[in-house]
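So that you can tell them apart, the chains are marked A, B, C, D and E in the order they are listed, and the count of residues begins at 1 in each.
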Amino acid sequence: MRGYSMKVSGQLRSINTHLKREIEKLSGQKLDACYLCGKCSAGCPVAPYQDIAPHVVMRLAQLGHKSVLESKMIWNCVSCGTCVTRCPNNVDPAKVCEALSRISKREGLVNSKVALALREKFVDLIKNRGRVHELTLVIQLKMASGDWFSDLDVGIPMFLQGRLPISGHRIKDLKNFKKLFEGNKEGNK
Amino acid sequence: MNKLEEQIQEKAIELLEKGEVSAVIGWGQGWNPTKATPLFARDRKTAEKLIFNPFCFNNLSVYLPRLNEKVAILTKPCEARSIVALLAEGKINRENIYIIGLACQGIVDIGKLEAAIGSINEATEARLEADSVVVEIDGEAKKAAFADVVLDNCLSCNQQDKTYCDVMIGEPAQVPTGKARLIVPEDADATWWRTFWAKEFDRCIRCYACREACPACYCRDNCAVQSLRERWVGPRLDAKEALMFHALRAMHVAGRCIECGACERACPMDIPLTLLHRQVGDAVRRLFNFNVGEKADIRPPLEFFLKEELEKSGR
Amino acid sequence: MAAKIISSDNLQTWIDKLTATCEVYAPSQGKEVSLFKQVKEGDKPALNILTDIPPKGLIFKQVEKILSYRKNEDGIEIKQAEIEPGRKVIFGIRPCDARSFTLTDKVFVHSDMPETHYAKRRQQTALITLACNDACRTCFCTSVGGSPAEKVGDVWMMDLGGRYLVEALTPVGEEIIRANDDLFSKSSPEDEAESLRIAERVASKMPVLEIASAKLLDELFTNEEFWIRLSEKCLSCGACTFLCPTCYCFDVRDQGNANSGDRYRGWDSCMFYQYNRAAGGHNPREQHWKRMRQRMLHKFSYFVTQYGDIDCVGCGRCIRSCPVSYDLRDFLATSAVAVAGVDMDFVGELPSEGQPRTCDIK
Amino acid sequence: MARVGVFICHCGSNIAGKVDVEAVARESASIPGVAYSSHNKYSCSEAGQKTIIDAIKENRLDRVVIGACSPKMHENTFRNTIRQAGLNPYMLEIANLREHVSWVTEDRDAATRKALDLVRSAVGKVAFAKPLTPGKVPVEKRALIIGGGIAGIQAALDIAGMGYEVVLVEREPSIGGRMAQLDKTFPTLDCSACILSPRMVDVAQNPNIRLLSYSEVESVGGYVGNFDVVIRKKARYVNESKCTGCLECVSKCPVRKIPNEFENGKAMRRAIYVPFAQSVPKVPVIDKNHCQYLLSPDPSTIEVKEGERKPRRRCGACKIVCGQDAIDFEQQDEFIKEKFGAIVLATGFNPFDHSKYGEYGAGRIPDVITALDFERMVNSSGPTEGKILRPSNGEKPQRVVFIQCVGSRDEAKGVPYCSRICCMFTAKQAILTREKLPDAEVFVFYMDIRAAGKGYEEFVRRAQMEYGAEYIRGRVSRVYESDGRLIVKAADTLAGLPVEMEADLVVLATGSVAREDAFELASAIGITTDSYGFISEVHPKLKPVEIPREGVFACGACLSPRDIPDTVATAGAVAAKVGILFSKDFLESDPMVAEIDPFKCAACGACVAVCPYSAITMEEFRGKKFAKVNEAMCQGCGTCTAACRPGAAQLKGQTDEQILRSVEAVLQW
Amino acid sequence: MKTYAYYPGCSLEASSREYDTSVRAVFNKIGIELKEVPDWSCCGSSQAHKIDGDMAAAIAGRNLALASSIGDIIAPCASCSMSLKEAQIELEHDGPIRRVLVEAGYEYLPGSVSVLSAVEAAYQAVESGLFEGKISSPLLGLKVASYYGCLLVRPPKIAQFDDPENPVSMDRIMEMAGAKPVEWSHKVDCCGNAYILVDRNMTLNLVSNILNAAVKADADVIAAACPLCMQNLAERQAQMQQRYGLKRKIPVVYFTQLIGAAMGLDNRMLGLKDDLLKLIDIRRQEEIAAREAGRKAKEAEERAKEARRKAAAEKEKAAKEAKEKESTEKESSGTKEAGEAG
């Protein structure tokens, strides 16, 4: 098992309340409710493979420290819900990571291009067809990561079994469906 | 005299002559055949004047709290619940009351009757014939279908076979079916009600007949409304002040009112007060799952407090 | 001025013309209750009824503001309430109701301390009385000093069938008739005779009640048993007093606070507990039978002693509207017997039993 | 017309900093009824009070409004002030300009306006005030103590020591409570039983103390100085006066497999038992839910056919072996009615039920135990006779992990508060583990160490430095079984390392929760609790052992989680309070109680039904029924005034009229 | 016949067709009609809300709106059911999302549908006895590790189903199917979701932990209820054996496939591999044999017990008789004494 590398750059001079409030607004979480007990980090399945632990994300978010926007952790949260289930203060660190990753993208500080690609390609796919076409998604992500050869042992048999069909469904009412993507543009800026 | 009346008189005379009670409270003939009047029979002679017909609209239990003697009371099935409610509140002593339940076929709503056949002040005779009420006025017999002129309360009567009493006279009759006097539109909202009551209460002359006729309103002389100090209701005579009085009364009888309609029948201005009390009553039934006048050993729901209620309210 | 005749058609024209010069109030049958309502041109009053609500309130308002006060820099400013100006006519008032005003006048107008609001309004108002062509089941005016055709008010009328016999009784009345003289024609002696016949017939329909003298009734005061039994079924509400044309008790209450507010005068009822409650909580008429006794003795004894008349006009409204159908005539009959010292078996008997039953006034 | 004097206090800058006090005083002068108004820097100071007295005398004032701090603070002060000026002390109204205005309002103008409104309201109210006089009630100088733990024991001994009679009621068969279950106490590592047992014996031997064990309080009526209490003495089926405590009966009882409550269910007892060796009284109890004799049907109730033999009761072994004939199967619950002047609540706490912690196995994993389990385990009279063993296989653990804050500081589990004792007992248990198992590793997972107390921090440091307990900062996320061992998943938040550790025994430092079942009588006694169920005191600082019902006190962990020293200290405090109460022969009763106007009363009885203190009864006078308030019992809560329809019930000093006038005064401008 | 709206989700159309067919077959057999939500779209899964929470709720909400004419929704994919549940909570109050939906021409009536995962629906069916008499070939002796993963029970405030730390519903379902659920430690541990494409090492580590735990618990098969879990757990076992110390391969199937097998449904609809079908048979035979042996042993024990009891009774009787004899003698002597004293 690996340790969190805890690579946090910069110095603490004061608290960036602006960023802190933005995180609170986007995530809907009260950051100060967290007393940093570390139970989220302790239970997080992916934390040992990231740069900083979830409770450190929470601490940096409390400080409004910009370095958190560059972390990998905020991109690689898998939304498994373990942290929120066990948090003694009913805080949802996953939602905080989610909010941070959105800000991170806006600020151009994305640490995990593949994770970004995963969510963007995924949503693009839905937007264009209404449903996800797994094969297209896999190919697009392979392109993003450049890792073409792992999992071929899995993919090829699946393809041959017809579990990854070449063409997928498109929903009929795409026109109205697309409105759902536009409707809320203002609310989420 | 019908058979029921014969039995009533017989029972009353028996009770009086055995000395079991000092009075039998029932109905006698009023100044007009369509007007029964409460009668306190204290001897054979007055007991022989006891009657019972569809014009006996008074709820007699209103007299019980102020009496200090052992009396017998005639009661319609529905109004027996008033007695139960008074017992529940400890206002009357069960040992001092002998309850004679009467099988009732329904009571005539004078308002409905007058709407159907015109003023009945001058009636010379009134009787029930088959399914209709016949009133003779000026030698002319005017007829109205009984179901059309019966009280709203009688239409939904479910008390026939569970009258709270010591003795029951007569056989349960069939519940009449008919139309309500006033039909509230289904989409009646707060605004509708506000307009409605503003119009109705505009007539109120604050004679307090409603209050005095109400068995639950036993505060009577001490009514908060007429308090000389804290003026809950102002001196002006308008619908607003009247609403304050009636709303205050409705809240005070909430959980104790059996919705007998005595207040409405007492009102010289014909204000449909039962509607107001039925609404409050519905709320009580919904909130506390409580039916007034069902059990004599439970105090009214607004007079005690259960921890579960706090939990249910989510506080 | 001699009596005149007016046709039914002209009668309506007369009413319409009256509305042009003054406020005219006449009986009106509403959905729930009948009462005196202001008539607008073209309205047809319901002249054939005895209203549920007497016209008392037109002159003696149920609630009226008598003054307002306001605290300002100079102290307290008091503003007497103004009475609405303009002449009024109460049209088609029954002799009993008209007579009630003359009784109340004794208290409020012809006294050492006149009641200004009442007196002024009374002065503004002309009464056009309509004699009765028939008697109600509850009528008993003849027993209390009135009559169905009593000539009371400013103008007196009687329906003779298609035409009305009209007679001005006061200068005001003469003026009213003179103003529309063209609508009236001369009356004949036959008309007068007819009117007497009708009055006779109507009067004969009413019960003849023996009323004990004021003094004897007063002696009945101490007979508690009598009053207790009499009032046994009374609920002690105020319906009878509020609907009585002669009851004039009132109460004065303020609404407001230390800085500003209004003072109101409103009807009170001797049947109410609070009516008699004194400062400190003592109540001389705590039990409702004492209040009933007060009401009865006031009307039939004290008022008689003080003003010479019975303070009841026999309209029967208290009987009609009583929630427990209490019949005032019971009291009159039983008290008459009681003062004679007979035992009390009779209580609850109906004195009017056996009397002719009558129908709607035509 | 009333002559009201208005005195506005600056409270230094507390009020004057936000409220234009001069303007308020100036404007007040024009309120109808106000004859005099002024302002003062410190009204509660001696000089300030003198100004008020002088102003009252000079201006012939007959009632007073003081605009100052909360009436909780100085109402009594100012009542005394105006009493000195010759007024009835209840002709006073306080407008709370500090807590209700200056401390909570930002804007100066708004604050001034609000202050003036409150003064108007107070003037409106005081104008209708009436002089009130307190009544006098005698004091029954006996104390009832509910709960026989260390708190109850200490309070009983102290009160008895003052020479007053005490009745100590304990629901369990023996006194001793939670402390009796403990092995050692921190930070001195004294043996718990060794310091407690002598006190328990003292209780039994003290002639001023009557001990009612295996008893519960059934109802409480009455009022301060005069409580009427009914105590249910549950049937023990053993005659206490005959029993010598030889326990022969216990050894013969065949029903052996009943989880012993005293051992937290981790050992078995019999159907007739004493909870533990040092039990006081040392009289066994028959558990009627398990006794074979009591469970078998009573032959007298069974009908049998002729010729058949009636079945006999099963067992009865205890009765046979008892040399004193002390076993009495016919015993019934006994109801004892007693009068007391004061009541002391010492009902203690419960350990948190860790079944809410699914991540720690919710009680399903045998080797995850609670702190109380550990106490019994490490105690030489406990189920393992003092040996620390893995419950799953009875082996010695190689590594023991302690997890702190289980059922403490955890809002998601409904316990956001700190239980205060867990840091310390965990350190103690870590030390005991290292003492008994020198080869075993000890890990303590903590969030913060809260060791405020004499010698506490040093104790924790000793656990780490002398005894080698390894402390890791981080809340454990999960404990699960794998291959016969436990896996503890956590994170060292200081080092930034994930922790996945194998362990043999996990001890959960379960927090303290309120013993809600102890207060079925809550409303009758007048107990109010905080949102966690702990008894609320009147004031956390100034009245820490008083509860809102006068004459009732509370001590120990029923107020909030606390350790033994604090518990004993509060017990002593309660004893002092009871002593003060009992030092008087008569009490003054608060005159601000309900009164019922018999003229207005409709005798509906609603007030009788709602009165939480049973202070109202129905009386009859000259044939008229009406409700009457016992002024000594009334606590002035006002419930009856709300229930009273005709408005006959009024709270003196807070009448409907006064309230309406004060509301009206605020609304009219 | 009760009707549910059926929301298959994208994966069930492609990579997880056997989940789709087995769910349909099982529910059909117990008399529950599944009506596919017309023109359903993707639920947004765990990715859409990372881009824009409101958009995610809107696209999931569209499916709720489409389903509201049919009734409660069964969404077999754990990710889908979670997304739909989350959107439904959002839609219950009047907010921007409901307005966006209306603008796009979809109307959702609050309270009109509730969302169930397939496990939830099956568990309800078990509770209400719909499976009674439907299990024709119970999976006797088959040791099943029920794998719930994250989103079936977490976060508990949204899932509103079972215990988030120790769920038992799938185990109960397996018991109903005759199988033997095993207690194991990784019931609710995360498998890494779609992040296999983002961080292979991390995901493979997570998957190996789960598989190792199941093997340690001696399970024959893992029952899953999520296409993503399925892909992660089932497809990379060869790699696991090579690099992550997985002792043996362990079949991973959808829990509905196992129910189907227990109900004797046609394997063409279930898509179980022959190896597993064989294993099921073997376990069943073993279990039947073991039960038979157990029954015999028990009978033997009963017989021995009865014999002991008889012997004891006889002994007691003899002792009693002796005692009674003694006491009658005593009594008679006692009366004698009394008589003399009198």
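We adopt the following convention: a residue touches a chain if its C-beta (ideal position, glycine included) is under 8 Å from a C-beta of that chain, and two chains touch if they have at least 3 such contacts.
Quantities reported herein were computed from a predicted structural model and do not represent experimental measurements.
K.L.:
According to the touch definition, list the chains common to the neighbour sets of chain A and chain B.
P.N.:
Both chain A and chain B are touched by D, going by the contact rule given at the top.
K.L.:
Name, by label, each chain that touches both members of the pair chain C and chain D.
P.N.:
The common neighbours are B.
K.L.:
If you average the C-alpha positions per chain, which one ends up nearest the average over all of them?
P.N.:
When every chain is reduced to its C-alpha mean, the one closest to the whole-protein mean is D.
K.L.:
Which chain pair racks up the highest number of C-beta contacts?
P.N.:
A-E
K.L.:
Taking each chain's centre as the mean of its C-alpha atoms, give the chain farthest from chain D.
P.N.:
C
K.L.:
Computing the C-alpha centre of each chain, which chain sits at the greatest distance from chain E?
P.N.:
Using the mean of the C-alpha atoms as each chain's centre, the farthest one from chain E is C.
K.L.:
Can you check how far apart chain A and chain C are, centre to centre, with Cα atoms defining each centre and the answer in Å?
P.N.:
Once rounded, the distance between the two centres reads 89 Å.
K.L.:
Using Cα averages as centroids, what's the distance between chain B and chain C in whole Å?
P.N.:
For chain B versus chain C, the centre distance works out to 30 Å.
K.L.:
Using mean CA coordinates as chain centres, what's the gap between chain D and chain E in Å?
P.N.:
Roughly 45 Å, centre to centre.
K.L.:
Taking the mean of the CA coordinates per chain, how far is chain A from chain D in Å?
P.N.:
49
K.L.:
So which stretches of chain C touch two or more other chains?
P.N.:
Residues 277 of chain C each touch two or more of the other chains.
K.L.:
Two or more other chains in contact with one residue: find those residues in chain D.
P.N.:
Each of 359, 599 in chain D touches at least two other chains.
K.L.:
Residues of chain A that touch two or more other chains: which are they?
P.N.:
Chain A, residues with two or more chain partners: 82.
K.L.:
Judged by the touch rule stated earlier, which pairs of chains are there in contact?
P.N.:
A-D, A-E, B-C, B-D, C-D, D-E
K.L.:
Along chain D, where are the residues that touch chain E in the complex?
P.N.:
Result: residues 358-359, 362, 364, 480-483, 487 of chain D touch chain E.
K.L.:
Residues of chain E touching chain D in their complex?
P.N.:
163-166, 185, 213, 216
K.L.:
Can you list the residues on chain A that touch chain D in the complex?
P.N.:
Within the complex, chain A contacts chain D at residues 1-6, 35-43, 47-48, 52-53, 55-56, 82, 86-90.
K.L.:
Inside the complex, what are the residues of chain B that reach chain D?
P.N.:
68, 89-91, 218-220, 222-224, 227, 229-230, 252, 299-300, 303-305
K.L.:
Which chain C residues qualify as touching chain D in the complex?
P.N.:
71, 257-259, 277, 281, 283
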